[in-house]
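Consider the two complexes below, in which subunit A is the common component and subunit B and subunit C are the respective partners.
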Partner chain A sequence: MDARERVLALGLPGRRDEYWKYTRPESLTDPEVARAAVLVPYEATLFDSVDRLRIVFIDGVFAPDLSDDLSLSGVHVERLCEVSRMDIHWASELYGVLEARSHSPIARPLAALNTAYATDGVMIHVTEKATKPVNLMYLHRSETSDAILHHCVKLEEGADLTLLETGPAAARFNKSMEIDIADGAAFHHVRAQGRDHERRAMTHTFARLGRESVFKSFTVTVNGVLTRNECVVELVGPDAVAHVAGAVVGDGEFHHDDTVLVTHDAAGCRSRQVFKKVLRNGATGVFQGKILVRPGAQKTDGYQISQSLLLDDDAQFYAKPELEIYADDVQCSHGSTSGAIDEEALYYLRSRGIPRTEAQDMLVLAFLAEAIDEIEDGALARDIVAAVEAWLGRRRG
Partner chain B sequence: MLEIKNLHAKLEEEDKVILKGVDLTVGAGEVHAIMGPNGSGKSTLSYVLSGRDGYEVTEGSAVLSGHDVLEMEPEERAAAGLFLAFQYPVEIPGVGNMTFLRTAMNAQRKVREEEEISARDFLKLIRIKADKLSIDADMLKRPVNVGFSGGEKKRNEILQMAILEPRMCILDETDSGLDVDAMKLVAAGVNALRDDGRGFLVITHYQRLLNHLVPDVVHIMVDGRIVRVGGKELALEVEENGYSGILEGVS
Partner chain C sequence: MDAFEGTQVKEGVEEETVQAVKSLAGKYKHGWTTDIEMDYAPKGLNEDIVRMISEKNGEPDWMTDWRLQALRRWNGLREPDWAMVSYPAIDYQDQYYYAAPKAMSEKPKSLDEVDPKLLETYRKLGIPLREQMVLAGVEGAGDVPAEGRKVAVDAVFDSVSVGTTFQKELAEAGVIFCSMSEALREHPELVRRYLGSVVPVSDNYFATLNSAVFSDGSFVYVPPGTRCPMELSTYFRINAENTGQFERTLIIADRGAYVSYLEGCTAPQRDTHQLHAAVVELVALEDAEIKYSTVQNWFPGDEEGRGGIYNFVTKRADCRGDRSKVMWTQVETGSAITWKYPSCVLRGDGSQGEFYSIAITNNVQQADTGTKMLHLGRDTKSRIVSKGISAGKAQNTYRGQVSVHPKAGDSRNYTQCDSLLIGDSCGAHTVPYIEVRNNTSRVEHEATTSKVDDDQLFYCRQRGMDEEEAVALVVNGFCKEVLQELPMEFAMEAQQLVAISLEGSVG
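Here is the complex of A and B:
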């Protein structure tokens, strides 16, 4: 069944679907794209101090003039639309393949839609340790852009890549990434979803992990009227490690949904899900995270935490943590909390002369720290902290 | 320096009056001690002065060097020179001790329209001050008070005091939970800060701290009021006869 047929078979998501209970999908599937003002014409500050290979897209279209020369030792990059014979390309075993496998137990029609209608994207083949990160930069210039991008990343045995994603991308953005990580390979992913307030995004990250491989993905989101990030990880080789983390700061008309499925299908794998959301002024957060341990996946170590800090009575957080375990020698834990700011801590900071708003921001950053700490690279983590600090500072005025 | 007049305060959420007319004046360069039995309102006085939520001042005033502190936010009181060393310092996971101290210092400087201290100068300053209080680099790097022993928390309070150099220091049972050596260290830290321009209000249950931190004036507080005022010998009297003995003398 090809992707178009999958879309027809699955149908578009609706409010009756269990996994769309807390997030309204209409504006993601509506033929008409809601206008999204372009606030930052060229957002180029994040990771500027990092030596990286930049691949730039404007409203979902590759922009060669703004991109670096796509040559990097051990890394081969091609555009999706320039792959003339997909049937004989390495990506034929990846493009739409992880997506197609992901519809059970939860249908993901918007991912099938992406596979069927993606217009651009990159196929990244990594054969050794990349000497610097690759940064996919998504610029947003048109108020009504509707972009569909699909990337594939294949890491050969022992290969290592850090992939950065930055920028608001488009008024509406549907992006998929399928990542195949061979034995002993490592993939690090750090993403900052852009600053434009009115943008909408629907993203899927699919990863398949081989023996002793590593997948670490972190996302920070501080804007967007609607964002749904789905992450589907399959641990198919033994002793693999998967971390998925997210830090969210939402204010006002803001809805953010993390939907995660980590499947342990081999012995001795470790997985972590760490999601933190700071919400205020009507902002809504959703977390639907599941650890599925298949029969035979003994010695699994699974951990999941989702927490929200609600800064006022108008903010909302919905959490649906799930464990489904079919092996008997496993260790899995999950926790979910929702709370207000610690008034004792706030008073303590203020009693030392730190103004209320600044003290509150310090506590917000402290709350997010556990998620940001999931980023292994210190320099990247510092840039993320600085970006969140700057955002909080702008809000403070 | 600090002038408290007829101060009345109650818990906001219930009608429980705790301070029932406190009068107390601490002059510059003086060390005053407040002693009193459990529940007499000593800690409440420190909270009301520093601006903690949950208390309502119903009558009276507190003026620090011309500032009506009761009208100010806690951070404004701090910038005006008021400092409370907490009885139970708060643990703040995720906020580094150094970051906290530097942010506090610069926030106060900003209010006073002074220049921010540079990272380098701050590091120099904190090393010197921390060393005197036997605070090692590890304690400075850790999150505020997280994983600190009781003694370490109290030393960390004194370190903050040494860095922020407040005009008026209130120490709320800083000696509680300390062994003799830790208490001497803390007292030495406080004594090092004593000068003509700075006042201290030391709240304590016991006389032993006052052996190391000798007060000019001792106040006995009972049921929300100061019932007796005397010199340092008053603390010895408490030690000998207990508060009941003192109360008999009063009534």
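Here is the complex of A and C:
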């Protein structure tokens, strides 16, 4: 069955779907794209201090003039639309393959839609340790752009890549990334979803992990009317490690949904999910995370935490942290909390002469730190902290 | 301390184990049947059957209409499939919806007129019904005060309530404790005001079915400011074959009242599955408190999954008054399939809901159970402690919802779900839904899944316990937080049940 047939067979998500209980999918599939004003992106300078290979897309179309030269030792990059014959390309074993596997037990029709209708994207083949990170930069220029991108990343045995993603991309953005991580390879992913208030985004990240491989993904989201980030990770080789983390700062008309499925299908793997959301002024946060431990995946260590800080009485938080476990020699736990900022901590800071708003920002940053700490590279983490600080400052000013 | 507890449980286990081995029937000690002549309604479900059940109970017209409306609604409903349980399709037309012991067609005036075989049944169930009757003086010795701790019992045998003890003493305190059919005759205004007000006819597939065909159950009303002088208890027993049991329980605690209610259930060993779809409604008015404890020990089916009860139960408490409190405690060890979510609607300001649960599944049992805490009033509190134990090839799911309404400011929830796995072919799952819609409330949820700790087992075995005893001890320790919430008599029974339910799960 090809992707188009899958879309037809699965049908588009609707409000009655349990999987879309807390997020309304209509605006992601409407024929008409809702207008999104283009703002000056504060994240334009993000990672400027980092030596990186930039690949730029404007409203979902590759922009060669703005991009760097695509040659990098150990890394081979091709555009999806320039791959002449998909059937003989390495990506034929990856493109749409992980997506197709992800529909059971819960269908992800928007991912199938992406596979069927993606117009651009990159195929990245990594054969050794990359000397610098690759940065996919998504610029938003048109108020009604509707972009569908699909990337594939293949890491050979022992290869190592850090992939950065930045920018709001388009008024409506549907992006998939399929990542195949061979034995002993490592993939680090740091993403900053753009500032534009009115943009909508639906992203899928699919990863398959071989023996002793590493997958670490972190996303920071500030603003956007609607964001749904799905992450589907399969640990198929023993002793693999997967970390998925997210930090969210939402204000006003803002709906953010993190939906994660981590499947342990081999023994001795470790997984961690850390999601932190700061919400105010009517913003809504959703977390649907699941750890699935298949029969035989003994010695699994699974951890999941989702926390939200509600800064005022209009903010809302919905969580569905699930465990589904079919092996006995495992350690799995999850936690979820929700509440207001600690008045005593606030009082402590204010009694030391720090103004209320500043003190509140300090506590917000401290709250988000557990998620940001999941970024291994210190320089990247510092840039993310600076971006969040800047955003908090802008809100004040 | 550990060693002391160890000996206690060890004795219990040994005794129970010996019993189990002796019993030819296998591992389920309540697996006998009683050969009693029964009155059946014809198989199948239609309006005539519903009318017949209503007529047999001598119900008023509004009740018959209420049932018929439920049936009509049910005909248009689809069986829910979201729970993590699987079973072959149930043929609802291939069931008896009414079965009553023939001897009960004429209501006995005292328990002496009850079929002695029935009383034998209760003796086997371990209910000191007859003894209590003597103590309570039903046979004319009503003035003799009862000694020790008293428990009033209502026993439901297949579809019919066959005897309620201590009615006189309860009546003196103003407490009404009787069968539902009697309540419909004697206190129709109370029943009419509260029946279906917590679990409406339209609530869900099984509750709607129950509304149409329930034949009996227990009714409790505790008047304002009254502390019910004794614990109330209902024992349910399914005896007849191919018979669904649909009982309906309604408990109302008026302002400032307190009542503690215990529920126990068993069924004979049959090769075919039997359907049990009960509805329990609790209403707590201002400052009232209801404590509801269940030890569910329906026949779970054999090792291959032949037979066993399908237990599809809707239980809900409405904390209608300010500062009211409801506490659910359940020990679920039986049933082939358990589908049960005792819930609390925390409507009154400052009301509290608590849920303590132990669910044990062994062999091929499946349980999907949990709770719902709906915080609607200000300053409401809820606490959930769930312990799931899965062994053999069983699947055990905790499914729960905590929902905090925007107006439910300053509310508090704490949820803890722990799962224990014994053996590598069972499953343990946690599916919580958390919905928070204001920021003055605090909601916390934590869950863990692990196996029985090898070090603990080693420690026990080193002290001379065999593996089965050691597992039972560790599991009892794991369940302690819930066991200690149970009333005394139930706690002892539950502790032994924990051990017996896990027999054959190790080694």
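Note that the second predicted complex is superposed on the first by the 394 of 397 C-alpha atoms of A that agree within 3 Å, B and C clash if a C-alpha of one lies under 4 Å from a C-alpha of the other, contacts with A are read in each partner's own complex, and residues count from 1 in each chain.
One rule holds in what follows: a contact is a pair of C-beta atoms (placed from the backbone, for glycine too) under 8 Å apart; a residue touches a chain by one contact, two chains touch by 3 or more.
In this text, all values refer to a predicted model and were calculated from it rather than measured experimentally.
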| item | value |
| --- | --- |
| Fit or clash - subunit C, subunit B, common subunit A | fit |
| Subunit B versus subunit C, judged by how many residues of subunit A each one touches | C |
| Contacts of A:Gly11 with subunit B and subunit C, given as first, second, both or neither | neither |
| Which superposed partner A:Arg352 touches (first subunit B, second subunit C, both, neither) | first |
| Which of subunit B and subunit C A:Gly393 touches, first, second, both or neither | neither |
| Touched partner set for A:Leu363, first subunit B, second subunit C, both or neither | first |
| Touched partner set for A:Leu310, first subunit B, second subunit C, both or neither | second |
| Partner chain in contact with A:Glu344 - subunit B first, subunit C second, else both or neither | first |
| For subunit A as apex, the angle formed with subunit B and subunit C - C-alpha centres, to the nearest 10 degrees | 80 |
| Partner chain in contact with A:Pro321 - subunit B first, subunit C second, else both or neither | second |
| Closest approach of subunit C to subunit B (Cα atoms, Å) | 14 |
| Of subunit C, residues touching subunit A in the complex | 82, 406, 409, 419, 421-451 |
| Parts of subunit A lying in touch with subunit C, wherever the complex brings them together | 18, 295-296, 298, 308, 310-313, 315-340 |
| Parts of subunit A lying in touch with subunit B, wherever the complex brings them together | 342-345, 347-356, 358-359, 362-363, 365-367, 369-370 |
| Subunit B to subunit A touching residues, read off their complex | 50-53, 73-75, 77-79, 83-84, 86, 89-90, 92-95, 99-100, 103-105, 107-108, 111, 143-144, 160, 164 |
